[in-house]
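Chain nomenclature is as follows: A, B and C, assigned in order of appearance, with residue numbering initiated at 1 for each chain independently.
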Amino acid sequence: MSDTIRGVLPAQQRELPDPSLREVVFDVDDLGVSYNGKPALKDVNLEIYRNFVTAFIGPSGCGKSTFIRCFNHMNALIPGAKIHGTIHYHGADLYGHEVDPVEVRKRIGMVFQKPNPFPKSIYDNAAFGPRVLGMTDDLDGRVERALEQAALWDEVKDRLKASALSLSGGQQQRLCIARCLAVEPDVILMDEPASALDPIATTRIEDLMHELKNDYTIIVVTHNMQQAARVADMTAFFSVERGEEGQRTGILVEYDATPKIFTQPSDQRTEDYVTGRFG
Amino acid sequence: MNVTSLRAERPRGRVSSGLFKAFLLFSIGVGIVTLGTLLVTVVAKGYKYLDLVLLLEPPSADPQIAGARPAILATIYLGLLLIAFSVPIGVGTAVYLEEYANRDRWYNRLLEVNIQNLAAVPSIVYGILGLAFLVRGIGLGRVLLAGAMILTLVVLPTVIIAAREAIRAVPDSIRQGAYALGATKWQVVWRQVLPAATPGIATGSILALSRALGETAPLLLVGALTYVAFDPTILGDFTALPVQIFQWVARPQEDFRILAASGIIVLLLILLTLNAFAIWIRNRYQRKW
Amino acid sequence: MAAQEVTASAVRLRATRRRWGEDVVKVVLALCALISILTTVGIVVSLFLPAIEFFRDVSLSDFLTGRTWAPLFEPSHFGVLPLVAGTILVSLCAALVCLPFGLGAAIYLSEYARSRERKILKPTLEVLAGIPTVVYGYFALTLISPLLQDLGIQEGVFSALSAALVMGVMLIPTVASLSEDAMSAVPRDLRDGAYALGSNRMQVSLRVVVPAAISGIIASFVLAISRAVGETMIVLIAAGGQPNWTFDPREAVQTMTAFIAATGQGDVPTGSLEYKTIFAVGATLFVMTLVMNLFSIRLVRKFREVYE
């Protein structure tokens, strides 16, 4: 079966801690999302663990991006989007009464598929988050620390005032990561962060994920199975279910430790996907 | 049929094609020739009186010493007031429509249709509005401020439309990135969207201003007197350069015709400078997303 | 560095303080938007209230069908037809210039011109549109009228024709610009198909592109005529100041707009019948242009929908 995948599983794949020792960051219960009444995702149940890298994989249209956007209230920006079910963040209901999206996004940051630096200087990009959130003490220090953690500091420290758009694609994405880190979040969401980048830049992003998970909890959506196998501790496989009228709804098929998903999946659909029989 | 010959087979088709193309070229030509003739005759005639007297002296019954100073000053004041009024209101309306308004609500769609309609209302109707409400209604009288307010209304739809396009051109990915960092809607607008849209807004506003400074009809109704010999103040009697030109044109004497042409040269130079400035801004600062 | 200490009890996802600023901003912006609504309300009120008062003294049928406009004479006549006739006469003659030549210019720019030509020609036409109308009025009075007089076409100093010719040229860019937009929106495939069948450029332009873009082209026609109807300075300067019931463009006429400008300028006592004539004529003008504008807006929306 997936000998190629098995061969790719990194040697440093650590032994995951015993389930009883894992700390739950997100507890997702019966989550569904619909756009204007049409369900896009339904019946998702899983737990995200602290300091893990969790990957969402699956064919296109299965709702992985929709799902990840639930964690930081980004679906609220789409008119007609409705969330059913609950997500608990460290025990607090993420969609509870009077929850403020700004407070949520302060703790749960996001990196997008296509690098989207602001048309400003590198410094102003990294400083934007702290500025709008009122964290203006030691701004220079925050910017430097964020850029260092994103492995970008050495490359840009002499030209912080240069326009962010003058950076290469890979550098821009690392700047977006730095931007996210500057507000000192708890969780980092990454929606296909390397899909617009060349292989070398991709590798750097993946290395970054390995380092960052020591301090942050990371959820990454990827359509690249090998990438999931390389970086993720836990992997969730999503697929598409066809309704009677032909509508397509995303569902969670299987969620387990990465080695298990790729070598001994419990569900036939998972095995079909990871061996490349479909999707 | 002779298949080796690829020349056009029907000469009649070629004649009508040729005539058609000639008509098209003539269509373009009419406009260009008229423009050229107009500019040449105006400059040739008005050149004679184009001197400092024109710029620095007030008008007079004697064309030799008549100038357009009050009119030029008034036009400048009108321009400044116009920018001060129309840009904040126009950009505010555009931001409301693009970032805050829910498109499904009927009152927001009505707002959009309303603005499109106002853009096409004849400018003299705005003059009537000014006459009824400002001059007579609230008793503001025939003052510069009334003229500025009415011209603001004339120009507002154009500024709104230009600002909306500039705001729409800012890619959504920038907004998403800013929201994801915890910015509120106003922070996103004020710190990301408006700065990125500023070149487009500036260009559109200056072009709108340039159109407004050439307007005469609303000013006639709102009280731009055609003979004002003293410098204008905001709450005093006033005239404006197009109105002054109108007054001179209406006089049959040749000397006043020459003065009118000189005044036209000054007006066209002012408009040309504004337009060139707007285009310079567009070329230098406009980002191709 | 990892985030603040997060334990279940310490996580507070509610806003630390209510964001008043956001609400204030939304209200301020909505007020800005309200100004445009108030403008329309103001226009309607300022036109129709005095107009209704006017029609208490002057019967609507006399107004709409009378052929004499002499508000200041004894006995006074309030038939608006001469003013309307003047407006329509000038507008139609202007249309005879701007519609065909505007369309011709648009076809040339869209189907024939090379991109370097377009880069020069298009802005030049825009300049034509940017010249203030008072300058066109001057041009009509000082150059076109004497020319027409020399040719024996025009007798007096003023004529509808002189104003109409200049107005027509001024409106060429209006027709050209909107028509050209409509024609560029026609997909390439339609043209390519016709060319592939052996049509020449004229046939493609006239039989494929123009019909496909027709709603945008008609919208541009309607818009141009609406602008001609609402134009003031060219007619005020060059067309004449006496109402004249005629359909001969060589004669001098007074249009609705010229009448409003001439009367509104003077020191007419507020509330007098003469004062109210401004609003009665203004209301008539507004209704005419409103109908045309709404029609044109709907047409533009239609052509945008078809290809997007």
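Everything below uses one rule, namely that contacts are C-beta pairs under 8 Å (C-beta built on N, C-alpha and C of every residue); 3 or more make two chains touch, one makes a residue touch a chain.
Being a predicted model, the structure only gives us computed values, none of them experimental.
S.K.: Quick check of your reading of the touch definition: is the inter-chain graph here a line, ring, star, complete or other?
M.R.: Topology of the interface graph: complete, with all chain pairs in contact.
S.K.: Which two chains are joined by the greatest number of C-beta pairs in contact?
M.R.: Ranked by contacting C-beta pairs, first place goes to B-C.
S.K.: Which chain, with its centre taken as the mean C-alpha position, is closest to the global C-alpha centre?
M.R.: Per-chain C-alpha centroids ranked by distance to the global centroid put B first.
S.K.: By mean C-alpha position, what chain is farthest away from chain B?
M.R.: A
S.K.: Centroid of chain A to centroid of chain B, CA atoms only: how many Å?
M.R.: 50
S.K.: Please report how many Å separate the Cα centroid of chain B from that of chain C, as a whole number.
M.R.: Measuring from centre to centre gives 14 Å for this pair.
S.K.: Approximately how many whole Å separate the CA-defined centres of chain A and chain C?
M.R.: Computed from C-alpha means, the inter-chain centre distance equals 54 Å.
S.K.: In chain B, what residues contact two or more other chains?
M.R.: 184, in rising order.
S.K.: List, in ascending order, every residue of chain A touching at least 2 other chains.
M.R.: Residues 102-103 of chain A touch two or more partner chains.
S.K.: Would you tell me which residues of chain B are touching chain C in their complex?
M.R.: 13, 16-17, 20-21, 23-28, 30-32, 34-35, 37-38, 41-42, 45, 88-90, 92-93, 95-97, 100-101, 111, 113-118, 120-129, 131-133, 136-137, 153, 156-157, 160, 184-186, 210-211, 213-217, 220-221, 226, 242, 245-246, 249-250, 257, 260-261, 264, 267-268, 271, 275
S.K.: Tell me, which parts of chain C touch chain B in their complex?
M.R.: Per the touch definition, chain C meets chain B at residues 19, 21-22, 25-26, 28-33, 35-37, 39-40, 42-43, 46-47, 50, 97, 100-105, 107-109, 112, 121, 124-125, 127-128, 130-139, 141-143, 166, 169, 172-173, 200-202, 205-206, 223, 226-227, 229-233, 236-237, 257, 260-261, 264-265, 270, 278-279, 282, 285-286, 289-290, 293-294, 296-297.
S.K.: Spell out the residues on chain A that touch chain C in their complex, using ranges where they run on.
M.R.: Touching chain C: residues 89-92, 94, 96, 98-100, 102-104, 107, 145, 184-186, 215-216 of chain A.
S.K.: Can you list the residues on chain A that touch chain B in the complex?
M.R.: Going through chain A, the ones touching chain B are 72, 74, 77, 79, 102-103, 105-106, 109-110, 112, 114, 116-120, 128-129, 131-133, 176, 179-180, 183.
S.K.: Touching residues of chain C toward chain A in the complex: what are they?
M.R.: Touch list, chain C to chain A: 1-4, 6-9, 11-16.
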